[in-house]
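Have a look at these structures, which come just after this line.
Here chain A shows up in two complexes: once beside chain B, once beside chain C.
This part shows the complex of A and B:
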């Protein structure tokens, strides 16, 4: 199923987005630039504060780890130098998880927070676009799994995971629109060749295809291009905003 | 003459074919909100929106309507007085935003003895003075060249209504903005308005009914993205209800 997004639906936040894909639904909101507390203030750039809230209960070290990763990635995407001594606040609330994650069945690797990371990053970017925060580039993120059979699975759905026998490693990649790698997080056992292969696959899915036919790899359920998805979402937003120009 | 070209995402390079071609080669290209120049000659978008160009002014910018108001010099804004320190008021333009200052003496014919004393939470219509991004913006209620108020100053009575940033820009742009609702209402009603670029409109209609009707009509035009015909229908409905 293709990802779905809803922009600027929270009216009290400066920017907001709800992103759902493969059973994950995340609500993101961005407030900024706002006044920053003196102890967090940076003299030359905006401070970025990321809050990840789990679907149930209060945050744990898992969420703190995700926050650190997202904060470090967003710092390179947002033009922080434009707003010295201010704060940009990003809040990501997980609304629903696919079944095998919420019930706790399945292997330990599936329950790891890494599976959530690409969805959080995509939501954060959509919310930033909605808040019109100046960015140097856009960002798309996906997860690639390597099975013990050597097969690659890209952003698998829950049905794919049930069919997959044993997962060897999980890799999360985030790319800018210029195809530069912004984030790479891996878990499990793998060698550098496998990583390279996974990285290449993720790049195809995240970034815009330049017309060259991509080699058909052993991939189950290849989703549509994320860059193209982002463009569609923005086109919809702009058309809504410019409605008055064409209205009778 | 403005034309809308295409929809851009942050990081997109603007192709030379989309930039305005001025008839006067000596006129420099002006980059507006949402664009940045990377030397020597790359122009990139920083926010998502519709790329718009104006050939006569040789200007290009990105039209967007979301997010928080960011102060920029010579904008007209409606500020709320948050506190008063020794020689200036501290004002807020949007909630939780870094504060701006309004000196006690930057009102028309204000001296140390005759300066207006404004209670906290009162509204002022002011202009933003040039500032650097490392300093807090300063406001003024006088035209620096003439020393006259020119309509700026404390706003007494009335109510404020939140509108979108694009709506505020359209209201201040006059006929180009395509907002006729105020003119249409003014044929039958008497009221006063002040539009702040920070997404606020202040309305004073003499009594609460008129104030509310006018303010809510503007909000309705904003939300619905109404054209001229839609606005006329709305005005008729509003006037019938009075």
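This part shows the complex of A and C:
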């Protein structure tokens, strides 16, 4: 199932997005640039405050870890030098999880927070776009799993996970629009060759050259990859914003 | 964190003058709610309430724990409310604002202490195992009326939630997952709903469901919680303005009408959702519930 996005639907936040893919639904909001507290203030760049809120219960070290990873990634995407001594607040609220994760069945690796990370990153970027925060590049992220049979699974749905017997390792990758690797997080047992393979597959999904013009992709209905999806979302947003110009 | 932008003197004066002329900013009559929207998630126990621009998501989750030693026959039920910067940049994480404390206190009184949920039915083995229910409240968008919206969300989510089925044999209990056995609805004794009245002109003007701008101008508020049978669960009053006893009685009459309407609305939405889930018409056969 192709991911779905809804932009700028909250009236209070500067930018907001709801992103859903494969049973995950995440609501993201961005406020910024806003006044920063003295202790967080950075003299030469904007401070980024990421807040991940789980669907049930209060935040645990897992969420704090995710926040650190997302903050480090976004710092390189947002043009922080443009807004010294301000704060950009990113709030990511997990709205729903696939059944396996919410009920707590399944193996330990499935319950790991890594499965959530790519969705959080994608949501954060959409919310930043909606808030019109200047970015140096866009970002797409996905998860790749290596099964013990050596098979690679890319952003598996919950049905895939039920069928897959044993998972050896989970890898999360994020790529910029220029295809440079922004984030690589792995968990489990793997060697460098397997990692290379996973990385290549992820790059394909995130930012494969489709070789067709953007207009032709509309005919297919579904974008081929995440980069294409992102472009579609942004095109829709711009069209909406420019409606006053084009209306008869 | 930036402070909540206070309403300007001009705006304040404008709203007050309009209220004196019996006009509200959005053109509603004084005793009407904004448009109420209620949707349920794919999972059980998730309710998404939209009251005008205010949006609140409540989620119920259950786990098995040991009961409190002094309450061996009772399960555990707790409600947690935490505001995030998503609703307003002035909400700081980990430092509850006054509004947040008041909200959690009122929900505690309205839902938990009024005995809306039969906690005894959550007991599995007395003194050893019980269900611990937890309601998480996420404020997604804030445009006033948080107490009313949150109460509706929690009550709707509780009615929508299904707990896993259990089988007890002596000292051991088996918990069945959703795939194994059809989960069971909670036993809810009554459905309390909060209605907030905002007071202006030292109690002469009363508004139902004020939005954020109106909330910032008000002199006091009266929160009344009651169920559709007219049983008042709690009355709370905040702010400086004094309120006459007769005015409170009047409020209760108005609240009863609102509560009846809202309870009916929740029920119709629940039935709609049940119909959607019951695609093949097999739900009645799957259920192990006994008629009470």
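One rule holds in what follows: the second predicted complex is superposed on the first by the 231 of 248 C-alpha atoms of A that agree within 3 Å, B and C clash if a C-alpha of one lies under 4 Å from a C-alpha of the other, contacts with A are read in each partner's own complex, and residues count from 1 in each chain.
In this section, contacts are C-beta pairs under 8 Å (C-beta built on N, C-alpha and C of every residue); 3 or more make two chains touch, one makes a residue touch a chain.
This structure is a prediction, so every number in the text was calculated from the model and none was measured.
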item	value
Contacts of A:70 with chain B and chain C, given as first, second, both or neither	neither
Which of chain B and chain C A:53 touches, first, second, both or neither	second
Touched partner set for A:176, first chain B, second chain C, both or neither	first
Touching partner for A:152 - first (chain B), second (chain C), both, neither	neither
Partner chain(s) touched by A:35 [first = chain B, second = chain C, both, neither]	both
Touched partner set for A:238, first chain B, second chain C, both or neither	first
Partner chain(s) touched by A:91 [first = chain B, second = chain C, both, neither]	second
Chain C versus chain B, contacts on chain A by residue	B
Touching both chain B and chain C, residues of chain A	31, 34-35
Partner chain A, residues of chain B touching it in the complex	4, 7, 9-12, 34, 36, 44, 46-50, 63-68, 70, 96-99, 133-134, 166, 170, 178, 225-230
Complex contacts: residues of chain C adjacent to chain A	1-2, 41-43, 46, 53, 55, 57, 59, 61, 80, 82, 84-89, 93, 134, 136, 138, 140-143, 177-178
Residues on chain A engaged by chain B in the complex (per definition of touch)	8, 14-15, 31-35, 79, 82-86, 129-138, 176-178, 230-231, 234-235, 237-238, 240-248
Contact footprint of chain C on chain A as seen in their complex	10-13, 16, 23, 27, 29, 31, 34-35, 37, 49, 51, 53, 55-58, 89, 91, 93, 95-96, 99, 102-103, 105
